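Below are two complexes that have chain A in common, paired first with chain B and then with chain C.
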Partner chain A sequence: MNHQGGWALIKNTWQSWLQHRGFFFLLAFGWMLPLLVYLFVWSAAAEGGTLNGLSQDTLASYYLVLILVNQLTYTTANWTVGDIIRYGQINRWLLQPMSPIYHALSSEIAGKVVFMLFSIPITGILALIIQPQFNLTWQKGLLFIPSLLLAWMLRFFWGYWLALMAFWATRADSLLALQDSLVFLIGGHLAPIKLLPDWMQLPARILPFRYMSAFPVEILTSQLSYDEIFLGLVIQAGWAFLSVMIYRLVWRHGVRHYEAVGG
Partner chain B sequence: MRYIKLIGAFFKVSAQAEMAYRVNFFLRLFYAFLNLLTGVLSLVVIFNQVEMIKGWDLPSAMGLLGVYLLLGALRGLFISPSLESVAGMDGEIWQGTFDFTLLRPVDKLFLVSFRHWRIFALVDLLIGLGVLGYAIHLMGAALTLGAVIHFIITLLCGVILLYAALLAFSALVFWNSGFLFTWVINDLFQLARYPLGLYPGWLRLILTWIIPVGLMTTIPAQALAGSLSTGMLILTVLFTIGAFLGATWLFRQGLQKYASASS
Partner chain C sequence: MPESIIQVQDLTKIYQVPERSPGLGASLRGLIKPQYRQVKAVTQINFAVDLGEMVGLIGPNGAGKTTTLKMLSGLLYPTEGTAHVAGYTPWERQPAYLRRISMVMGNRSAMNWDIPPLDSFRVLSKIYDVPENAYKQTLDELIALLDMEALLKKPVRNLSLGERMKCELVAGLLYQPDILFLDEPTLGLDVAMQRRLRQFLKQYNQSHAVTVILTSHYMADVTALCPRVILIHHGQLLYDGALQSLAEKLAPFKLVKLQFNTVVDDFDGFIQQFQEIEHLPKENGHHTLRIPRGDVAQVTARLLQQLPIADLTVEDPPIEAVIDQIYEEGVL
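For the complex of A and B:
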């Protein structure tokens, strides 16, 4: 496998995206807003007390960190891969002497750099305005890192195999929209998992959506006991592993099924 | 009369173009269903935790959601498609084809506002009406005739305000054609999903007087819940008239500034 070519591609994409940063800043702004809405909603709801043990400060810091983590794990490549398959542009990728996943990875890394250039200052300013208090221990900070990496891996490969469904169905992007809705509802965006009604608790804790962005944030903002953290990490690692396996399977069959359109 | 006939013709042409893609209809149904599901479940989750947030209970918040969905549907039905085709990404101003639009023998503002229709948005319109009906059902006997009249007046104001805001942001494209102003206002519109009172003071001021997305939904919902004062009603009507005049003025100024981009 040609890793050098892959790295060159990554650098190239990153530099070209920086030239269009206004566009990507707008995208980042759009992703931030729904979470900001729920930051304010829950802050208003928890005024002068706690909700299921979560104070106004915890809720505010949860959402501020979630804004960043969500953008770090969200993958734009998944939306474009489907189009590239549909329009037959993937022919070019298939001919290149490196794995086509480098194309997705390069836009991933380029995206993270550009989005963070916008989102870190903005959340910083919001943190100064809202001034949420939360105590961070170094143990929790340390556990946050592997869970963040697993979250990225899970979300990237899970979305990627959904996007690859475009080999069989032309409008597979509706699957991605469904995934976004599920991440919103039971993945900790609409409400921290602890505040969901009882009947939503079990699906939220077992299905992969919570582990795509909310779980690392729950660790960092001290909402979980060590038992809960370790159980969560096991579930998260399991889903991440499974998503890589599914991706490999789908890719192999998809390429075989694919017939070139255009050139 | 001529203008009403023209709208009929625009509608028919758009409908015929869309009818050619029948699978899209089912996809639109699917997205509309997701939209309804996330909207209603959000309220269920929030009011499962608290009975009331800043004076809003479940029925009145449901009323606000209905207004939000209704306005969103009208935006998707013709305001956004028409304005986006001029000022959006790859729109006529980017492409330079706006010259052909200017040459048509009708009022430019009319043409820019009503040209394109997305008939599948009628499904969203029905859903919005349904949620509104459900909210009224939840309110039960609390609804008075006066409240209904106030509601209809303020809802009309909401539609006009939405149109004015979208038009004003689209007009900015004449000054900076590279920036996607229509995206900014689309993003900010999401803040209208919840009552203004939930937001902190500084944000509330912005969402009321500067970018009045908050006003569009909160005021009609207050009227429906019967908690709108007569003073606020008059102020809203006056503000709406001012915003409409301001936006059309800005658009005509921009039109003066427009210089063809084609060679």
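For the complex of A and C:
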């Protein structure tokens, strides 16, 4: 591991990304929009009552926190990894005495800072306008932190190993699009997990997609009992661990298979 | 005996290339049962390079030069064979190995285009763990040698191709590698810039005893820099030796240049009595004949006896012409 080089790379990428901050702000706004739509849809649907035990305030706060958590856990770097492999640009990373994952991590960390420059003030303003109320205990606030870190880790490594399929298939990024669709459908974006039809409850709670962004939000907005939180953390940690293992396996075989295309 | 820093044995790379016929039907069939063709990019090549040597790896497009360099730099796993470079197996890509080599590619950039080169150099110095003092010293030396002080603070995307290539070389040499793989370093550069880079590489090789393997399509690069060449064609090693002897070994003919005292009628008719002699277009009043090596003595004797010769010289063909012929015909 070469942490010094990794850190230098993060600072460098950050400088480079800030040159294009307008583009990244627009991108962040684009990600925010669907969740904002669902915030208003579900808030309107729960007006004056509850939906499966979720009040209008809980739903509004759920989507507001989800906007931030989604941007904190969403990995943009993985979308470029496939092309970098496909066009042979990964050659220069492979020639460096540092694991190429540092390049993805540096975009990831640099990107988070740029996105948050935009997303935190916007969500803050929205929170001031909507003023959602929810009961937050310090214990749940504390449990939110490891679940947020695990959500990022799971989403990053899951996306990274999918992106690495570009070593074999030319358009591996379609797998990332599939991952995004599944996060949208059964990962708590289209509707909070509690509002999904019964037959979707089990897959949603077992598969990794809920644990990529919705689960920490459910903890913070007090939708879960402690038992549910601990079970969820175990499942989340399991998926995160598995995604790292799959990444390592795919990487090892992928590099052997790599044909370093182009000059 | 100088020590070999690079040893290559039976190195082979076979690519699996997907293949399909044109048309929608073929596309659909390809979805169900993809067809692959095996392409032998490099076949059982053997060579060794000594410490501090500058070797030109030459051959036409698709000969296997870049594939060979990619295997030596650890980017590709070979299908068969072994290579030892500075005591390491390249494709294990050990960090200690990667710190000792550098690969500079004329058609690929190692720089971040959005930020000035100086920032990229700084990051590279951290990645390669170069101590601060050594970094400053090497950077100053390279900047002076390449005369590029003025470029350091402009974003890379605003630099010209030649300026960018200077930056690529600095990026590749910052950590003082022992072995340098140069893949078409002068690609697309103007003649003056090519000459300057060649000068720099020669100087750098002499002052740092760095071992260099260079591929280039510009024979001027090879003739200026590499006393030794390795010629690869269709993935096979055709020649490994002194550049000077390449023409002797590989060109089966010599060029005889003639000038006459008086006008000779029907010179072409005279030549026709010899088989396999080619009369090349006349240049500056000189006739040039391409004569098979074995026939040179006999033919020149006849020419001198029977024609009013004012001047006659026998030369090896220019290296470009030899290479051109090998590329075209693949002759040994």
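The rule we apply is simple: the second predicted complex is superposed on the first by the 262 of 263 C-alpha atoms of A that agree within 3 Å, B and C clash if a C-alpha of one lies under 4 Å from a C-alpha of the other, contacts with A are read in each partner's own complex, and residues count from 1 in each chain.
We take it that a residue touches a chain if its C-beta (ideal position, glycine included) is under 8 Å from a C-beta of that chain, and two chains touch if they have at least 3 such contacts.
The shown structure was predicted, so the numbers you read here are calculated from the model rather than taken from an experiment.
Of the two partner chains, chain B is the only one that A:P34 touches; chain C does not reach it.
By the touch criterion defined above, A:L136 reaches neither chain B nor chain C. With both structures placed on the common chain, the touch criterion links A:L94 to chain C but leaves chain B unconnected.
Shared-chain residue A:G5: touches chain C; no touch with chain B.
Legend: residue contacts after superposition of the two complexes on their common chain; A:Q15 is shown touching chain C, with no touch to chain B.
Of the two partner chains placed by the overlay, neither chain B nor chain C lies in contact with A:L231.
Of the two partner chains, chain B is the only one touched by A:L178; chain C is not. Judged by the document's definition of touching, no chain A residue lies at the interface with chain B and also at the interface with chain C. The touching residues of chain C, when paired with chain A in their complex, are 15, 66, 70, 73-77, 93, 95-96, 98-99, 101-103, 105-110, 112, 114-115, 119-120, 122-123, 126-129, 183-184. Only residues 22-23, 26, 29-30, 33-34, 37, 40-41, 44-45, 51-52, 129, 171, 174, 177-178, 181, 184-185, 190-191, 195-197, 200 of chain A touch chain B when the two sit together in their complex. By the touch criterion given at the top, residues 2, 4-5, 7-9, 11-13, 15-16, 19-20, 88-89, 91-92, 94-98, 255-256, 258-260, 262-263 of chain A touch chain C in their complex. Interface of chain B with chain A (complex): residues 23, 27, 30-31, 34, 37-38, 41-42, 44-46, 48-50, 53-54, 178-180, 183-184, 186-188, 190-191, 193-194, 197-200, 202-203.
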